[in-house]
Structure formats: C-alpha cells, structure tokens
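Look at the two complexes coming up: subunit A is in both, with subunit B in one and subunit C in the other.
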Partner chain A sequence: MKNTIKSLLSRPEISALVITIFLIIVFSFISDRFFNSRNFMVILAAYPEYALVALGVTILMISGEFDLSVGSVFAVAPIVTVILVNDGYNQYWAIILGLISAAALGFVNALVTLLFKIPSFITTLGMLFMARSIAIGICGGFPPSFPKGWDTDWLVGRMDMIRMSLFWLIGIALVLNFILKKTNFGSWIYATGENKQAANDLGINTFAVKTTCFIICSTLAGYAGIIQSLRIKTAITSLGLGLELNAIASAVVGGASLFGGIGSAFGALVGTFLLAMIDNILILTRVDGNWFKFGLGIMIIIAVILNTYTKNRADNIRLKEDE
Partner chain B sequence: MNNNSDKELIKCSGINKWYGNLHALKDMDMTINKGEVIGLIGDNGAGKSTLIKIMCGVHKLDKGDLYFEGKRVSIENPKSAMKLGIETIHQYSTMFFEMSIANNVFIGREPKKFGFNFLGLKDEKKMDYESMKAIKEVGLDLRSPHIPVKELSGGERQGVAIARSMYFKSKMLILDEPTNHLSVKETFKVLEYIKGLKSLGIGSIFISHNLYHVHEIADRIIGMARGEKVCDKDKKDTTVNELIKLIG
Partner chain C sequence: MKFIKILACVFSILLIASPISAAKYSFSIVSVSDTSNTFWQGIQKGMDAACEMLNAWGQDEVDCILVYNQENGNVPMELKTVETIVRQGIDGLAVHIVNDDMFDDIMQECIDGGQICLATNVDDSEGAAGNARLSMTGQDLFKAGYELSKGLAPQYPDGDVHVLVGLSAPGHSWAEARKNGVVLYLEEYKAANPDRKVTWDVIDSGMDTSLTGQRVCSYIQGYPETTAYFDMGFWGAGAGTCLRDLGYEPGQLLMGMFDIVEIVLDEMRQGYVHLTVDQQPFYQGFLPILQMYFMNKYGLSAFDVNTGKALLYPADIMDPEFQKFVDKGVRY
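And then the complex of A and B:
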C-alpha cells in the first residue's frame, strides 16, 4: 500500500492533477456556469494548441534545455503553410513544408546552443525575435489571405462537442509518453537532462539527444500554430505572441523540472488544462481585468510549491524491506 | 605477435596531455596485463584522473599512442572505449538519481525488444531480471529493480555502478576512488570484489588515496607526481612507507 502511495506521489504531474480536481470542485461552487459541457467545450477549443506547445517544451525541459521561441515558431509554420497553399501547393505538402520550416528553426536553436555552448535561454530568446521577424517578413507585413474551400476537417473539424485537434493531441501525447517511458531514447532524454556529464561518459550522444528534443519542441509549436490558424481561419503574424511563457508555466505546473531530468507528457497536458481552467474561471467570474494575470501567477506558484511538497513527502516515505 | 603482447591488455606509450598551458601528462608509459590489478597512486593533480579519462574516452590524448590487446587504437569517445571492453567507475557519480536501478544499470545500452539503435522498445523484463542478478553478483541485496537510485546509500550506489560495469563483461575495469564515501564494511566488499576480477582475467586499475587499500589488493603499483610516472613496482618489492616517499 505504502509502495503504491509512494510511487503515485513521486509522479511529477500528481500535484497538478490534485489541484485540477480540487479547483474543478471549487470553481463549480463559485460559478454555476463553470461545470457544464458548453463551458468545457469553450476550454477545450483552444486547449490542444496550447497543450501541444507545452508537450514540446516539457520534453525539451526534461533534456535540460529551454525554448523561448515557441510563440514565434507558432506563427511561422502556419504563415509558410498558407502562403504555399495560396501559391498552388497541395495542402498536405504545404503543411509538411510548414512543419519542416518549424523543425529547421528548432535545428538552428540546437546547433547554436550546443556548438557555441551558450545557454538555450539566450539562443531561443534571439530566435524569438528572429522567427517573429521571419513570420512578418515572408508575408511582407500583410497576413496572407486564407485559402477558400480548404478542407481542414481532418485537423480541426468539429465533432459534436469537441474538435479533431483534441484527438490529434491525445494521439501525439500517447506517442510521446510511450517514447519517454518505454524506449531507450526516452531514458536518454531523462539521463541527459539529469546529469549530462554522466550520460556522455556512458556513451549517450547527448548532442543528438538535445538536438532531437529541440526539433520536436519546434515542430510541435509549428503544428500547434497550423492547427490554430486552421481553426480561426486566418494566419496573422501575431499568432502565438507571448505563448512561450504560458507554455513553460504549463510544463512547470505539470511537474517538469527547470533543472532537467524530471517531467512527463501527461504532466504537460494537466498543466495546460489547469491554466486554461484558471483562465476560464477568471473570465466567468468577471475578475477585474487588471488582476487577471495576478491570479494566474499566484496559481502557478501554488502549483509548484505543492509539487515540491508532495515530491518531498514521497521521498520521505520509508518502505520496509519486504514491501 | 610475441608472448608479451599476448598477455598485454593495454599499453600507453609516450602519452601527453595539455590543458591550455598546463602540461597535465608528460610522456606517460604504462602497461597493464590481463588479469592484473594495477594500483595507480599519486597526490591530487598528479595526473591520475587525466590518464584514466584518456583511456576511457572522456578526454583525447594530445600526443602518444594507446594499444589495446596489441593493436594501436584511437579512443575517440566513451562509446569506443566501451566497445573495446573498457569500463569505468568514475570518481564523480555516474548515477541518475531519479531513475530506477534497472534503468541505471542499462542506461545507454538498453536491451531492446525491437527498434533501432537510437529508438527502440526497452526489454524491461530483461532489464529488471538482469539488473537484479548483476547486483546480487556483487553481493548487494536490493529489494526491487524499480527503486530510484536516490533512495540508495552511497555504498549501494557504488555497488550498482560496479554491477553495471560487470554486466557488460569488461576486459578492463577502471575504478577511480571507488571506496570514497563508503562505510568500512562496504569498502571491504568493494576491495574483495576487485580481487575477484583477477580470476575472471579482467585487468583493472584501482585509484585510491588510501595506500593501504592499494597495497593490499594491487599486483603492481604505479606512482605519479606532477604528470609523470615516478615509480612502477611489484607489490612484493615495495612497502606503503616507500610508496608515500616516492609520490610525496
């Protein structure tokens, strides 16, 4: 029994999950408009887009790096895609090329960070500005017109209460969770993030591991941007503005460590949902807009404090030899 | 191939290493034979760690040659050292505290059910079973392969590190201060274990500041000071007191 409790509490996402359940109950009392299918439909509409970015950021954080450029990459990929469709490219090819453009930016982030041995915080801060500039530059400052008659149902089509994008998110999250927990590469990501020197000494190519994580992070940000663009049927250059900090917050609330080596795909999903829910209740209860970010900030801090507390409690549970 | 190279496991010839202006290793020569335990001694900064880091691929040599089983080799990185059969237990921790014992034993070389080198499905059953078996073989009794390493004592962690090296059937084991931070009982366990390597034909280099431990288990003792070899003596031809004078 103790064993089960200990392993449960040791999971990085557990406190975010507990807070989420707790807040669902509290918010249901605060606003009678909160706990109903219509409201959850509102929360879930944009949720896959933000959760996909948080997933990528989480994986990169597990490997011990940061990406502040995800918000800008979020804008580049859909703009590239829409421009290509307007130029007569097949929509599938356009999406693939949009994703490749996002992956290329992640690759540049990785190369600059790892070859010049500078903090990814700085590299990706630079990329945040450069990628935003690329997004504006390639369309000459004017957002490209959204192609008419473009079949986007397979990506974002509405199915009763939810959108297709939620299924894509679930599928991608399951694959990433599988990679992290069940494959050798997943173990290498955790090892690289926790102790890079030791991982190197044990023959793990940490350069390749981190590069792959940078690419995954950027590609997911680009994919999320494409999905949002298809949902709102526009590809404006301000897409994803400020998204990077929200994504890092989601990852951290979901249990990812700022120092690497800890985190989970499920945590990213829970963390994003928690923030989306807080966002939602602050709107429903008509909290003064000036205090909106304050509420969000305090919730993030509480979630991380609880995370640390439950982790310490789990570490302190001593098991008998026979358990 | 003559008799010498038949029994010779690794040979360092004229190895030099610079860190900027610091000449850390000066024309170092050393030979280790199969099944031989070498005690490598010297004060801090003598060049011991630099030498073993070159042998295990963490650092590259600047000048000189390395021979393994009679053939000239270039050890570019830790992976190529492991491929040759050189395993290392470093002075610093090469454990991943958040990961399970089984994952720590196999990290970087996980058995796979299927997949590619870079991405494959871990054979967790095999990892659990084999890691516990390897750990039992080094005299440790841990209750589950799923325990995170952060919950083990210093000695237990060192045991897991040794089990990891042993599992992969090394031809040469480098142990850099393996008894640091260990209790007396755990220290003797590790020393007994190193003695056991001889019967398996595994060559080993044992680095320690505790000259009594070195003298007890080594067949031959190599002393270093200021990046140079200052002595290379059979155990029977020297005493701890003499060694202290030689490396002082």
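And then the complex of A and C:
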C-alpha cells in the first residue's frame, strides 16, 4: 500500500491532481457558489481550448524546448480558416488548411531553433510577434466576418452541460498519452529532453524528435484557436493574446519540468483545470479588480508549492525491505 | 565570415528597396495598443483616408503612419516611441495619452520646439490644464462611461439592482476613467432610488473575448441576481455564448459596452448586448491629420473634437446602411 502511494504521489501529475481535489474542497468551503454543475459548466466551456494549448506546450517542454508563439498561432489558424470559408472553400478543407498554417509556423520554429542552434525561447519570441502580424496582415487589419449558418456542432456543439470540444480534447489527450507512454517515439521525446547528448549517442534522431514536437505544439495551438473561434463565433486578431504564459504555467503546475524530460499529457489537463478553477474562485469571491492579478499570481505559487511539497513528501516515504 | 557577408548584402538590399519618403509633410499617430487591438484599425482607416485625400488634392505630398506598440498597453514603451519621434523632428504627431504624468515633459518639449503635438483617442484627465498638447480628438472617457450607465438604467427591471462592472484593464487610464463614469452614475441612481437596494461589484474582466466571457459568466452563475453588466471595451460581448449556455434568454441580463466591432453587433442582434458607445474611431484618425496639415500649411490653429458619446441601441444598428459602413470599416 505504502509503495503504491509513494509511487503514485511521486508522479508530478498525480500530486497535481491531489492538490486540485484538495483545492476543490477548500474552494467549496470558501464559496457556496463554487461547487455546482452550472459553475463547472462555465469552467469547462473554454477549458478544452486552453488545455489543448497546454498539452502541446507540455510535449514540447518534455523534449526540452519552449514555444512562446502559441498565443499568436492560436489567432492565425482561425483567421485562415474563416477567410477560406468566406471565400467558398469547403469547411473541412478550410479547417485542414488552417491547421497546416499552424503546423507550418511550428516547422519554422523548429528549423530556426535547431539549424541555427539558438534557444527556442528566442526563436519563438520572434515568432510570437511575426505570427501576430501575419494574423493581422492576412485579413488587412479588419477581422473577417464570421460565416453565418456554418455547421460547427461536430466540433463545438453543446451536449447538455458540456461541449463536443471536451470530447475532442479527451480523445487527443488519450492518443498523445499513448504515444508518450507506450511508444518508442514517446521514449525518444523523454530521452531527448532529459539528456540530448545521451539520446544522440543512443542513436535517437533528436532533430526529428524536436521538430515533430514543435509541429505538434503549434498544430494543437492552431486547433485550439479554431475551436474557440467556432465557439464564440468570432475570428478577431487578438485571440490568444497572452496565452503563452498561461499555457506554460499550466504545464508546470501539471508537473512538466522547465528543464525537459518530465511531464505528461494528463498533467497538462490537470494543470489547466487547476488554473481555470483559481480564476473562477477569484471571481466568485469578488476579489476587487485592482487586486485580481495579485490573487491569481499568489494562488498559482501556492498551488505549485503544494504540488512540490506533496511530491517531495512522497519521495521521502521510506519503505520497509519487504514492501 | 561568408555568412556575415550574405547578411550584409541582404540588409543592403532591404535598405535600398525601402521606399525613402519624399513627402513634404510627415505625420504620425502613436498608440499604446498593439496591432491586435482591432479598434485601432478604425483609427488607421481614418488616418489613411485623410492622407489619401490630402495627397489627391495635389498641393503637397503627405506621409502618414500609425505607430503601434510592440506590447499592448506598455506605456513606457509608447513613451519611448514618442520621445524618439519628437527628437527626430516631425511635422505633426498625435499621441494616445494614457497616463496623466508620463507624457507631460515630452509633449512640452514638442511644443517648445515648435512642433505640432496633439492628443487622440485618450487625453490627460485634466485636459489642456494637465498636458501641453494642442488639441484632443476623441471621446471624453469619463462622460462616455457615465452616459453608458445612464443610458441602460431605464431598462432596469423593478426591484433591487445589482450591477457587475468589468474593468478590462486595471490601472489603464482609459479603462479607469470609463469605470469611474459608470460608477458615478450608479451612485447617483442609488441616491435617487432610496427604496431600492442598488449595489455593484468591479472585477478584472480582462481584454480577451473568451476570458472576459468566462469571467462574466462565472460571476453571473454565482450571482444570478445580477441585473446588468458593463464592459469597458468590447470584450464583454464574448459573454453572449456562455450566457446562452447557462440558459439566459435575451434581455435577462442587460449588457452595455463600448465600440461596434462585429461581435458586439452580432450580440446586439441576438439581444444580449443592449447598448454600446460608438466613439467613432474613424474621426480619431482622420481629423488629427487634417489639423496637422492645415496648421503646417496655413498656420491655422488646433481644435478639440469630442468624437462621441454616441449611444447605439439595437434599433440603431438594424439599418442596412449602418452595416454597409461597418463593412467598409468606417463605422467600427
């Protein structure tokens, strides 16, 4: 039993989940308006969009890189998609081309970072500005009108209290989790992030691994932008502004390491949900607008402290010889 | 070494290929917003129209540029840009004065140097008494907030009133001024209705349509007694989707906000936004350019323009003519 507890809590995503459950209980006491289905419906409405971005960022962080351009790519893909639909393209092709545009930006991030051997932080910082400009430039500064009568239920339609996008998120997370945990490619991602030189020595093509992770990250950001645009029925150029910091915070809260080699798909989902809950409880407790960001920041720090404490306590659990 | 030579060639080509302005007059508008803020596209449209019109007149060549901030809302960054432009020398500059103190010295330096420096969109809260700018073209933010709050009040149902005010950008003068205007009217309304309980909360609603929507809906589901929501920009329109998810019928929650970007108009047509303020950004780009030109050419003087506390109700936007101008980007 002790072995099981130790092994579970040592996994950062599990300790993040424990903290999340703990905070749900705490928040329920803080506000009697928190723990009800309508409130969770509000939290879950936008959750898939942010979780998908965090998922992509987590995978890239596991491989040892960062992407600060996800917020801007989040805007590019839906604008490309909406422009194409307005121009008469079939919606499925428009979405595919929107995703390809996002993937292309990820590919550029990879090439510049890996060929010129510069920190991905810098490459993607540049792409953050460039992609935002691309989003504005391709629509001439004025966001495209959202097409009327576009059937988007298969992506974002409502099913009682939740949206289809949640199912898509779960499906994508399951696939990526399988890849990370059960495939050679997943092992290569962890190995590359943990020790790139050693991975190279073992014959792993770390260039290909990282390039794939950059593309996955950007594609997920683009997809998330598309579903947000479909949900709120607008494709404005400011979509995803500042999202990159939120995504990285979600990844770290969910257990991903800033230094690579550690993280999980499940952790990304948990981390995003935790941050969404924190935002929600601050609103419900009517924190004054001027102090909101302070509250948000301190809650994030507390969550990570609790997470680290839990994991460290688990690591320090001593087992008897026969356990 | 070879790489450096190639890089040098590329830069040389770029420099040669860059159009060197032969304009007689160069005018700039400097914003604290970055290019992703769609509202400023309306100002850009007005500025471009003025420049085009003056160039078509054929008397002089005019060059206009709207300089956006690299980082949305970064005031020191905007100040640096203004300082650079003023010290390089310019025929005319219009500035988005989002802070009461930071721009005082540079605008004074501009005027003392004989240059033309105006304010557009946002002014020092003390107006000409607080800043040396020669004129202001824009909306009186405090009055606009007040008029918005006053304009929605007749629609409040009988009984107690609880209002949510979304402060989109705490600490930003434009948002704070509008909020103060909204709150002042609420205070007057409360005093005028002693038999009703009138309360309000101010939250950081954010400047992202989805995030703002989520925060508003989080609040509304927790406090269903909320009568109305005021946003200090247009982002509150993002609450329309989640309000429908929560089962809110049109009119069940009154919403008032600013600007007439597409999402606001859509939600107005669906009955979830009930009032918006059009500050006519086209004028805010167009008129400063005209002023700067004629001040340079004929020595005319600057003049203030209040571009609007124009309140738009759903009936106002149903006119097809209105939509035509929205599509052209001149009503935005």
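Simple rule for what comes next: the second predicted complex is superposed on the first by the 312 of 323 C-alpha atoms of A that agree within 3 Å, B and C clash if a C-alpha of one lies under 4 Å from a C-alpha of the other, contacts with A are read in each partner's own complex, and residues count from 1 in each chain.
Following the convention adopted for this analysis, a contact is a pair of C-beta atoms (placed from the backbone, for glycine too) under 8 Å apart; a residue touches a chain by one contact, two chains touch by 3 or more.
Computed from a predicted structure; not experimentally measured.
Asks: Touching A:D279 in the superposition: subunit B (first), subunit C (second), both, neither?
Replies: A:D279: touches subunit C, not subunit B.
Asks: After the superposition on A, what does A:W168 contact: first (subunit B), second (subunit C), both or neither?
Replies: neither
Asks: Given the touch rule stated above, what does A:N290 touch, subunit B (first), subunit C (second), both, or neither?
Replies: second
Asks: Just subunit B (first), just subunit C (second), both, or neither: which does A:W188 touch?
Replies: In the superposition, A:W188 touches subunit B alone.
Asks: Which of the two, subunit B or subunit C, is in touch with more residues of subunit A?
Replies: The larger set of subunit A residues in touch belongs to C.
Asks: Which partner chains sit in contact with A:Q228 here, subunit B, subunit C, both or neither? Use first/second/both/neither.
Replies: second
Asks: According to the stated criteria, A:I136 is in contact with first (subunit B), second (subunit C), both, or neither; which is it?
Replies: second
Asks: Does the superposition put A:A46 against subunit B (first), subunit C (second), both, or neither?
Replies: After superposition on chain A, A:A46 lies in contact with subunit C alone.
Asks: Please work out whether A:D201 is in contact with subunit B alone, subunit C alone, both, or neither, and reply first, second, both or neither.
Replies: first
Asks: Spell out the residues on subunit C that touch subunit A in their complex, using ranges where they run on.
Replies: 34-38, 41, 44, 70, 72, 165, 167, 170-171, 201-205, 207-211, 213-215, 217-219, 221-223, 238, 240-242, 245-246, 261-263, 266, 327, 329, 332
Asks: Can you name the residues of subunit A that touch subunit B in the complex?
Replies: Where subunit A meets subunit B, its residues are 10, 179, 182-185, 187-188, 190-191, 194-195, 197-205, 208, 261-262, 315, 319, 321-323.
Asks: Give every residue of subunit B touching subunit A within the complex, in rising order.
Replies: 56, 58, 77-79, 82, 88, 90, 92-99, 103, 107-110, 112, 115, 118-122, 124, 143, 148, 150-151
Asks: Going by the contact rule set out above, which residues of subunit A touch subunit C in the complex?
Replies: 31, 33-34, 36, 38-39, 41-43, 45-46, 49, 75, 129, 132-133, 135-136, 141-143, 145-146, 158, 228, 231-234, 236-242, 279-280, 283-284, 286-290, 292-293
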